[in-house]
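Sharing a structure with you now.
Labels run A, B, C, D and E following the written order; every chain starts at residue 1.
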Amino acid sequence: MKIQTLSLTLLLIIFWLLNSGLFKPLIFILGAFSVVLVLFISSRMKVIDEESQPLHLTKNIPAYYAWLLKELVMSNIKVVSTIWQGHLQLQPALTTIKMDHLSDMGKVIYANSISLTPGTVTTDVTENSITVHALDKSSITDIQSGAMEARVRKLDN
Amino acid sequence: MFTAAAIAVLVAMALALVRAYAGPTLYDRILAVNVFGTKTVLLIAIVGFLTGRPEFLDIVMVYALMNFITVIGILRFFEYSVSHASANSETIKEQ
Amino acid sequence: MEFLGLFNYWVVVVLMMIGFYIVICSNNLIKKLIGLTIFQTSVFIMYISMGKIEGGTAPILAEGVTLYSNPLTHVLILTAIVVGIATTALGLAIVVRIKESYGTVEEDEIHAKDKKA
Amino acid sequence: MSMVTTYLSWALLVLGGFLCVSGSVGLLRFPDFFTRMHAASVTDTLATGMILVGLMLQAPTWIVFGKLVMILVFVLLTSPTAGHALAKAALHSGLKPLLPGKGGKIDADPRPSAGGV
Amino acid sequence: MESFIHIIILSMLVTTAAAIVRVKDLFAVTMLAGIYGLLSASFFVLMDAHDVAFTEAAVGAGISTLLILTTLSMTGRFEKAAENPKSNYKPALALTLVTVTGALLIYGTQDMPAFGAADAPVQTHVVPRYLNDSATEIDIPNVVASVLASYRGYDTFGEVVVIFTAGIGVLALIMSTVSTAPVALRASMEEHVILRIVSKMLIPLILIFGLYVQFHGEYGPGGGFQAGVIFASAFFLYAMLFGLTAARKVVNSNWVQALAALGVLLYGSVGVLAMINGGNFLDYNFLAQDDVHGQHMGILFVELGVGITVASVMIIIFFTFSTHQQRDGEPD
């Protein structure tokens, strides 16, 4: 049994218990049946692998999200103040930024973190570059500085 | 306070509705639907608390899920019809 | 809230008539189907409005709650919604076939082709 | 429930509501699809987070709390993904973002955006 | 306060419907119809109809939008204005008809009991019995589920058969020849790293959520109808991302068709079993030693039958439409 199957099973059981909150024998039997059925279908779909169960990330992820939350609040303030400006003066930009090789998982975290912070949206991810549309040019400079990329890289290893 | 939040969400919904109607591009409309879906998620969660029976949050989950699937579906089918159904000789320019 | 008394039903009538108008007046079969969906939803809204009791809560029994809204209308509409989507799918399938046979989904063009044939 | 959590929850709800409205105002005011997208992501991230956390603080049971957490995680996972997919599709279909000229700024008053589709 | 919110939602519903009349771009119409579905579902939540909102959320906002869009991609995006003045297209006449009918109906509403009245005829006939006796006779918290599966089990059986028939109808109308060379996997989605990984994470969770909704219908909002749609939506997501060919490998079409029939059969055989044990058709009291236990068993299996049929029919409909669309899209 692969470690990913094990972690998925655990995840499914937690998900079921958290949702259900009922501790009756019948519900337990049905829950066990459901978990087995889902595992069967998932393995037929071939969705159980290190991409869907990124176990190697778990130890560093809380610190990363704490940092991301701070970034999120900062950029929110910036975008909200732009929205309420009397006369809109925007400097949107669309730039392709080079980056060194990241695993697929790393790309997903990086790209989604960029999209998650308001003011920047990832429009394209390729092997060694990432295209970003930004509401304001300064956000592009922030990304180019590589602070986020370095953190994702640390997470990825 | 729940009421204040609910009203704020309703106002946001109304504005998103205007965007969905006004367009002008297709993607604006999809975006508006997506925003509208997220707002609905919030509204239902708040209303659950407002009416004093917040234990039925499964509905909210379904909304969030369907919102995602719909957006992916719209994009996929639209991409498809652009690449293949250009045989329908309508111009793709908005009126 | 006195003026509220019949507000829901007026909205139902307005929605129903909008759906009806789309069904009669639009030339495109898909839009007609969407009009039908609006009409259908107005009926759902009417049933659900009738089932609501002022101050009641969802008909899921819990301790300390005595007043529940009407579960019967909910059951009727719940099944109606799923049946509705199944029949809409059937309608759309027919539209697809019409498109293949006639090359169009505009009602007047279909009539014109029928007359020619 | 202590007073502190109640006040904190209220503050989060009101702030979240304000962010919601801000996002939608941006959705209306911004000049083209891509800039509007940024406005939408304000509401998707922080506003949703704040309102859901505000509700969590008032959750009567652990089940409700857990479900709210799951909803939050779900929204935070899907909304940037959907946003990215949308932006990518728009860009690839030939929708040109509105960009400022050399070194200048665009005077962005609401107007129909450039580009087809 | 709630009534204030519900007035706003109803007004937005009317606005959306009016917008649908005016817009000629069918794509925009579909988007507005999606919003219309979301709004009506919010309204149902306000009216305490959580089960209905659950269904409408999954169906009105999700599946129907997808189906209409698939059809649109085959039939063209714009509604043409009628060119022939002698056509059936007579807005003035239609408007008059609609206005007159609407006025008459509004006049008719004067006789309706006021909204929310507890003594309205709807509230006073069978419903008090359901609400009072469900707790002792069937002993499950969700009265909607007990009415759906037990008190009005015949109705629900009928609905399931209708859904099954609709699925068969769609298959019969636009059955595609699967044997022809499958269309190549659509590359753009395959390259979509982010969508691929996020969806892979979500699909097992959507599936387990569907099953959770299926088996907790007795305790909270949910049940076979909603669960079927949610469960099927995981397959939609899979098919949209990894292509129909891959999806068909996961779920064999013949199996799905067999399962659709099996669900109806399961429902029916619960009824027949009750008859064999000496009761009436679908009289669950005869399924086990004591009545309440029998009711629990009956409802569990009946809901399972509903869930299986709904999920299979939804998958059949979606796959049939998508296959047809791909075949249509191929350059001749």
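Everything below uses one rule, namely that a contact is a pair of C-beta atoms (placed from the backbone, for glycine too) under 8 Å apart; a residue touches a chain by one contact, two chains touch by 3 or more.
Values in this document were obtained by computation on a predicted structure and should not be read as measured data.
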{"item": "Labels of chains that are neighbours to chain D and to chain E", "value": "A, B"}
{"item": "Those chains which touch chain B and also touch chain A", "value": "D, E"}
{"item": "Higher-contact pair (C-beta pairs counted), A-E versus A-D", "value": "A-D"}
{"item": "From chain C, the most remote chain by mean C-alpha position", "value": "A"}
{"item": "Chain nearest the overall C-alpha centroid of the shown protein atoms", "value": "B"}
{"item": "Mean-CA-position distance for chain D and chain A (Å)", "value": "16"}
{"item": "Centroid distance [mean C-alpha coordinates] between chain E and chain C, Å", "value": "12"}
{"item": "Separation of mean Cα positions, chain E and chain B [Å, integer]", "value": "18"}
{"item": "Residues within chain C bordering two or more other chains", "value": "57-58, 60, 62"}
{"item": "Touching two or more other chains - residue numbers and ranges from chain E", "value": "48, 50, 70, 72, 74-76, 188, 194-195, 198, 201-202, 209, 219-221"}
{"item": "Multi-partner residues of chain A (at least 2 other chains)", "value": "15, 19, 111-112, 122"}
{"item": "Chain-to-chain touches, reported pairwise for every pair that qualifies", "value": "A-D, A-E, B-C, B-D, B-E, C-E, D-E"}
{"item": "Residues of chain C that touch chain E when the two form their complex", "value": "1, 4-11, 13-22, 24-28, 30-31, 33-35, 37-38, 41, 44-45, 48-62, 67-90, 92-97, 99, 105-108, 111-112"}
{"item": "Of chain E, residues touching chain A in the complex", "value": "193-194, 196-198, 200-201, 203-205, 207-209, 211-212, 215-216, 219, 238, 242, 250"}
{"item": "Residue numbers on chain D that touch chain B, as the complex places them", "value": "9-10, 13-14, 16-18, 20-21, 23-25, 27-28, 33, 36-37, 40, 43-44, 47-48, 51-52, 54-55, 58-61, 63-64, 67-68, 70-71, 74-75, 78-79, 81-83, 85-86, 89-90, 93, 95, 112-113, 115-117"}
{"item": "Footprint of chain D on chain E - complex, ascending", "value": "188, 192, 194-195, 198, 201-202"}
{"item": "Sites on chain B touched by chain C in the complex", "value": "51-53, 56"}
